[in-house]
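Look for chain A in each of the two complexes below; its partner is chain B in the first and chain C in the second.
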Partner chain A sequence: MTTWIRIVWIVVLPIIALLISIFFMGLSRKVIARVQRRYGPPLYQPVIDLVKLFTQHSNISHGMIFDMGLIIALAGSLVTLLFIPVAGIHPLSSSGDLLVLIYLMLISPIGMALSAGASGNPNASLGISRKLTLALGYEVPLLLVLLAVMTQSGTTSLLSFVQGQSMSIFSWGLFRLPLSAIAMLLILPVMLGIRPFDIVGAPQEIASGPQVEFGGKYLALASIEHGLHLFIVIALFVDLFLGGAANLGTFFLKMLGVFLIGVLIGAVYPRFKIDQALKYCWKWPTLFALSGLILVMIIGG
Partner chain B sequence: MDRADIKKALKDPHKWGEKYSLWATYFCTGCGIMEIPPVITARWDAERFGVKPMATPRQSNLFLITGYVSIRTLRAIIISYEQMPDPKYAVAFGSCPIDGGLYHTSYNTVNHLDRYLPIDGWIAGCMPRPEAIFIAVTKLWKMIDGGMVNGYERYRENIDYYRRNQERVLGKEFIDSIPAPAMVKP
Partner chain C sequence: MILEILVIVGLVAPLLGVAIGRGRPRVRSFYSLLVAIFPLVTLATLYGQTIAIQYARLPFLEIDLSLRLTPLSWFFGIAISVIGFCALLYSSAYMKDRKRLDLFYFLFLLVNGGMLGVVLSGDLFTFYILWEIMSISTFMAISINGKAALAAGIKYILFSIIGSSAMLIAIVSLYVSFATVDIAALVAAMSGATVGYAIFILMMFSLAFGIKNAVVPFHTWLPDAYSESATPFSAVLSGMLTRLGVYGFLLAMYVLIGSGMLQRFNYHGISFSIVLAWLGAISIVVPTFIALLQHDAKKLLAWHGIGQGGYMLLGIALGSSLGVAGGIFHTLNHAIYIVLLFLVVGSVQYRTGGVTDLNRLGGLAKRMPITFIGGLLGISGLIGMPLTNGFVSKWLIYKALILDSHPFLALAALIGTWGTILSVFKFLHNVFLGQLPEEYKDVKEVPLTMQIPMLLFGALILLFGIFPGIPLRVVALIEMHFSIDPIGSTLFGVPKAVGELNMINIFAAVLVAGLAVYGVFSLARRSRRVTQYDNYAAGAPVPVGQYQHSVRFYDQADRIIRPYLRDRVDDFYGWISTQSTAFFEQLRKIYSGNVNTYALWIVILLGVFVAMNLLGWRP
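Showing the complex of A and B:
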């Protein structure tokens, strides 16, 4: 990739990600409605919501950290996005980007924590404490999964791992590292924060958690950040275990499949408590991830 | 419903957004809240109109006051209303907020809510059916189209009148303790 093409993709990739994630948000509302035998909102309802939020007259701020935290969170998501290869588009990929990714994925929760802390609402602090506890829960299996990936391929570059899967369907990570793939699939709803694990922003318990004081443009930016996070996690799963894709269409279809599994599970399950979620994260996904790692170490890459 | 009319949406995106994305705070003051769960769940499904319950007043722009308003809840209603971002619409549900209804002679309820807050629409009845909420929503759309819902502007313009009435019921200490509503001009 020449420098100019890289710069063009740095601008274009977030826009593509935003469009796809807005489509996903609309689709999830419609699918959940159909599962519950409702008619549901139109597919473009998130667009209406975002237009409304951006055009609201008054936007109440709670100080500079409140504004900056949200921008840090958004920037963190945007930078993380550029490190993930999406269907051959990889503007910032280089050697060791899997390690960079692990660190970058923590920026946006920290930004949200800053912003929510500055709002001074007890519900926001409760939500943040739940968010960090949940992160503690899923980081353990996630790190084990990534360690297995790195051991098996002998590289810390996500890009070369994706390129190594492009030969045939059986060179996908799903078949090379089945136990790790299961572990990652099990923690996927936790990382996405969808229904059985939407503990952080539980509207009925803690009044939507970190977003409790957000309104107008702030809420719009927060939901865009949430959408980008959705895109990042699903794209990471597709890159690691479903072999990436040669073009955007295939990549989108694979993402859609993974997302629909999560939404359909979320449509029928009630919410867990935080201790149940932590127990879940440290039990089955960790077990699968650990045995996957040990298997890889015994068999070798 | 002209929700899918792209030309109209591009002409005035603000109005399009306001009309079809009414996020509601339901204020559970009384028995009226019983009619809300069927409205937002599978039976009547308010989400197909873009009406969605939100957790806090900061995020919502439709304020539904369901039931009688006692003097204690009036405080919470005023604080919640002033926390909502503009433009906001307040709708009173049931006959109690209109004139006291069943509790007209009670010492403890506020009989005419529109003396304390600007109400944009009323749903009369005891109880109104869930369908009445949808009729109210479609009527609200028409009023937004015609530019007839300006409760939040009226509140800002006549803040002295409303504060005077609030002070008579709630006392001076309460009025002094709440900050003035943001005087942002659209």
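Showing the complex of A and C:
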């Protein structure tokens, strides 16, 4: 890719991601409503919400760190996006590999935690504590999965791993590392924070947790950040186990499939408690991921 | 000549300082700063040079004593000097009006001089003497406040003596075998030694340096020593002094034994490197999660000191170009951010009257913004967030582990990162975020002399994070000195052949994204500032100043993991200690004070000798 095309993609990719994630957010409300035999809001409801929040007349701030934390969080998600190959588009992947990606994914939760912490609201503090605890839970199997991927392919480059799956459907990560794929699928709802793992922002318990003090433009930016996070996690799954895609349409369909599985599970489950979620993460997903890694070690990369 | 001056100044200047500065605090501070900046300037002018000189000859042992400057000693020397200078600058305000300051400054400068001497030693005799000067003055500096501090100091010196004894055994054995203690001469001699002998020497040195670097299971001296000493000294202790263990490992493994010989240590797939790497991995995981359970700021950082030492060991144990570079670079990075974090804790102590209990602080970011920025940069470095120095060195270590097919070691290192995130975020949150307690309403930012060191180290974290090529060039020189392939680096990362890392692109991306988001943020209406009590609690009013919301921050995780994280090693040493106290208490009864009893013992001993003679038994 020449520099100019690259710069164009750097601008366009976040916009595509934004559109897809807004569509997903609308879709999930509709799907959950239909499962629960409600009619549900229109598909474009998130757009209405965002416009309304963003143009709201009064905004409340708890100070500099409160503002900056949120900005860092959203910027972090945007940057992370640029390191994930999406249907052959990979504007920055030569500047950072999968290890860099793991660490880039930290920026946005830390930013959010700073912002929430600066609000001084006890519910926000509780929310961060839950968020970080939950992250500790799912990171154990996730890291095992990523290590299996890296060990098997003998490289830390995400791009070359995606390209290695392009031959046929059987070269997909799903078939090369089935146990790891199952493990990641099991923790996907935890990473996305959808029910039964919406512990962090549980509205009825801790008043939306970290977001409790967000209103107006703050809430708008926080929802965008949440949407981008959805996109990043699902795109990562598609890249690792579903062979990426040659064009945007296929990539979108694959993402849609993964997302719907998560939403349908979430629609019928009640919320877990945090300790239940931790034990869940450290039981089956970890077991699968660990066996996957051991298998890779035995068979060899 | 210049090296001799450096070492002599390091050892004599502290004494002179007592004479000059007694009762004149300002003169004393100024003098100590002058002493501390001297090696910094001198070493800076010596960049890239290799010097070796003989300064004396011990007549009765027939050995030459020498000093030498190598890339490795330059690297550590410059770090020692910068940290020493900044910690002293910080002390001038922090330590003001405390007791026993003459002794404190004397010991501080002596520890600094001792460390510098250790890295400049050209033979093991000088090395040992200076190592002991350093250890003993550290012991005194730790225990300067008596009581709990004294107990911590004794714990430290006990471990230290065990380590030094092991080192002495190795040095004496080398002297007996090769009739020299000069490092350069020993390198040549060791290449002809048997593998068994080399392992013996390496084991003895590993014990000494493992204790100094607080590798599990020799770590138990560290948490007490760090948390009981005066905070600027804790910074030096954690930043550099403990890391001389890493220096020692590098010296023993890659200079004395050499990487060629090191690879021959292989017993059915179990090599020295693997054992060391696993010790490093255990040192990462367990202490990092123990840190999560701490609620004392200094203890929390101390446990991370052990954990981060594990990363360094993991890197240097591998022996690959990437791994060794990562380990050495991490030593520098760790020094930068851990010193910064200790200084941040010190600043909080300075303004709150010595509070380090995380359950009693909060909201200080509003009152101490510079300290907060220091804390934020420090924890970012410790976590290894992209754009900080800690990220690059950790990346090198992970990459080395994965390319060498050690995914489980890599897992230990990566999981350690998550333990780190949780515990240091708790640190930042409980000190600086959340609600500001009423009692700290009027707290002010610390004075300028305390801000400058914090800002400097904060800037270094970002500088080495975005331009890792600057320190990596020196690291490459060190690797050449070890005859390992030097790591290739560009100013902003590593070349394509090594891997995909370009920090300036990441930096640019973060900057542009941040500005874009800020632009969108400013498009909407301006927001109104509200007080910390003006917040939503689902309709219920939150009582003001009554609750501390961040006590037991990770209660749920805590409950699950705590049972697994008891420091059994410390329990074991405690058990040995009580048992041996009881034993020696019994033994003491021999000394009854009665001359007749002593005579009886002598008669019994003679009787034993006579009996042995009669029976013809000769040992």
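As a convention for this text, the second predicted complex is superposed on the first by the 299 of 301 C-alpha atoms of A that agree within 3 Å, B and C clash if a C-alpha of one lies under 4 Å from a C-alpha of the other, contacts with A are read in each partner's own complex, and residues count from 1 in each chain.
In this section, a contact is a pair of C-beta atoms (placed from the backbone, for glycine too) under 8 Å apart; a residue touches a chain by one contact, two chains touch by 3 or more.
Every value quoted in this text rests on a predicted model; they were computed, and no experiment measured them.
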Could you tell me whether chain B and chain C fit or clash when both sit on chain A in the superposition? fit
Considering only touches as defined above, state whether A:180 meets chain B (first), chain C (second), both or neither. neither
Now for A:223: first (chain B), second (chain C), both, or neither, which partner does it touch? neither
Per the overlay, which chain contacts more chain A residues, chain B or chain C? C
A:92 in the overlay: touching chain B, chain C, both, or neither? Say first, second, both or neither. second
Go through the superposed model and pick first if A:207 touches only chain B, second if only chain C, both, or neither. both
Per the contact definition in the header, classify A:279: touching chain B only (first), chain C only (second), both, or neither. second
Geometry row: CA centre of chain A as apex, chain B and chain C as ends, angle in degrees (steps of 10) is 110
Which of the two partners, first being chain B and second being chain C, lies in contact with A:55: first, second, both, or neither? both
Which holds for A:120: it touches chain B only (first), chain C only (second), both, or neither? second
Check whether A:36 is in contact with chain B, with chain C, with both or with neither, and answer first, second, both or neither. first
One more residue to check, A:45. First (chain B), second (chain C), both or neither? first
Minimum C-alpha spacing, chains overlaid - chain B and chain C, in Å: 6
On chain A, the footprints of chain B and chain C overlap at residues 54-60, 207, 212-213, 216
In the complex, the residues of chain B that touch chain A are 3-4, 13-14, 16-18, 20-21, 23, 41-42, 45, 47-48, 50, 53-56, 58-59, 61, 83-87, 182, 184, 186
Mind pulling up the chain A residues that touch chain B in the complex? 29, 33, 36-42, 45, 48-49, 51-60, 203-204, 207-208, 211-216, 219
In the complex, go through chain C and note every residue touching chain A. 363, 365-366, 372, 376, 380, 383-386, 391, 395, 398-399, 402-403, 405, 407-408, 410-411, 414-415, 418-419, 421-422, 425, 428-429, 433-436, 493, 496, 499-502, 505-506, 509-510, 513-514, 516-518, 520-521, 524-530, 532-538, 542, 547, 549-550, 553-557, 559-560
In their shared complex, chain C is touched by residues of chain A numbered 10, 54-63, 65, 67, 70-72, 74-76, 78-79, 82, 92-97, 99-100, 102-104, 106-107, 110, 113-114, 117-123, 125-126, 128-130, 132-133, 135-136, 139-140, 143-144, 147-148, 150-151, 154, 156-157, 207, 212-213, 216-218, 220-221, 274-275, 278-279, 293, 296-297, 301
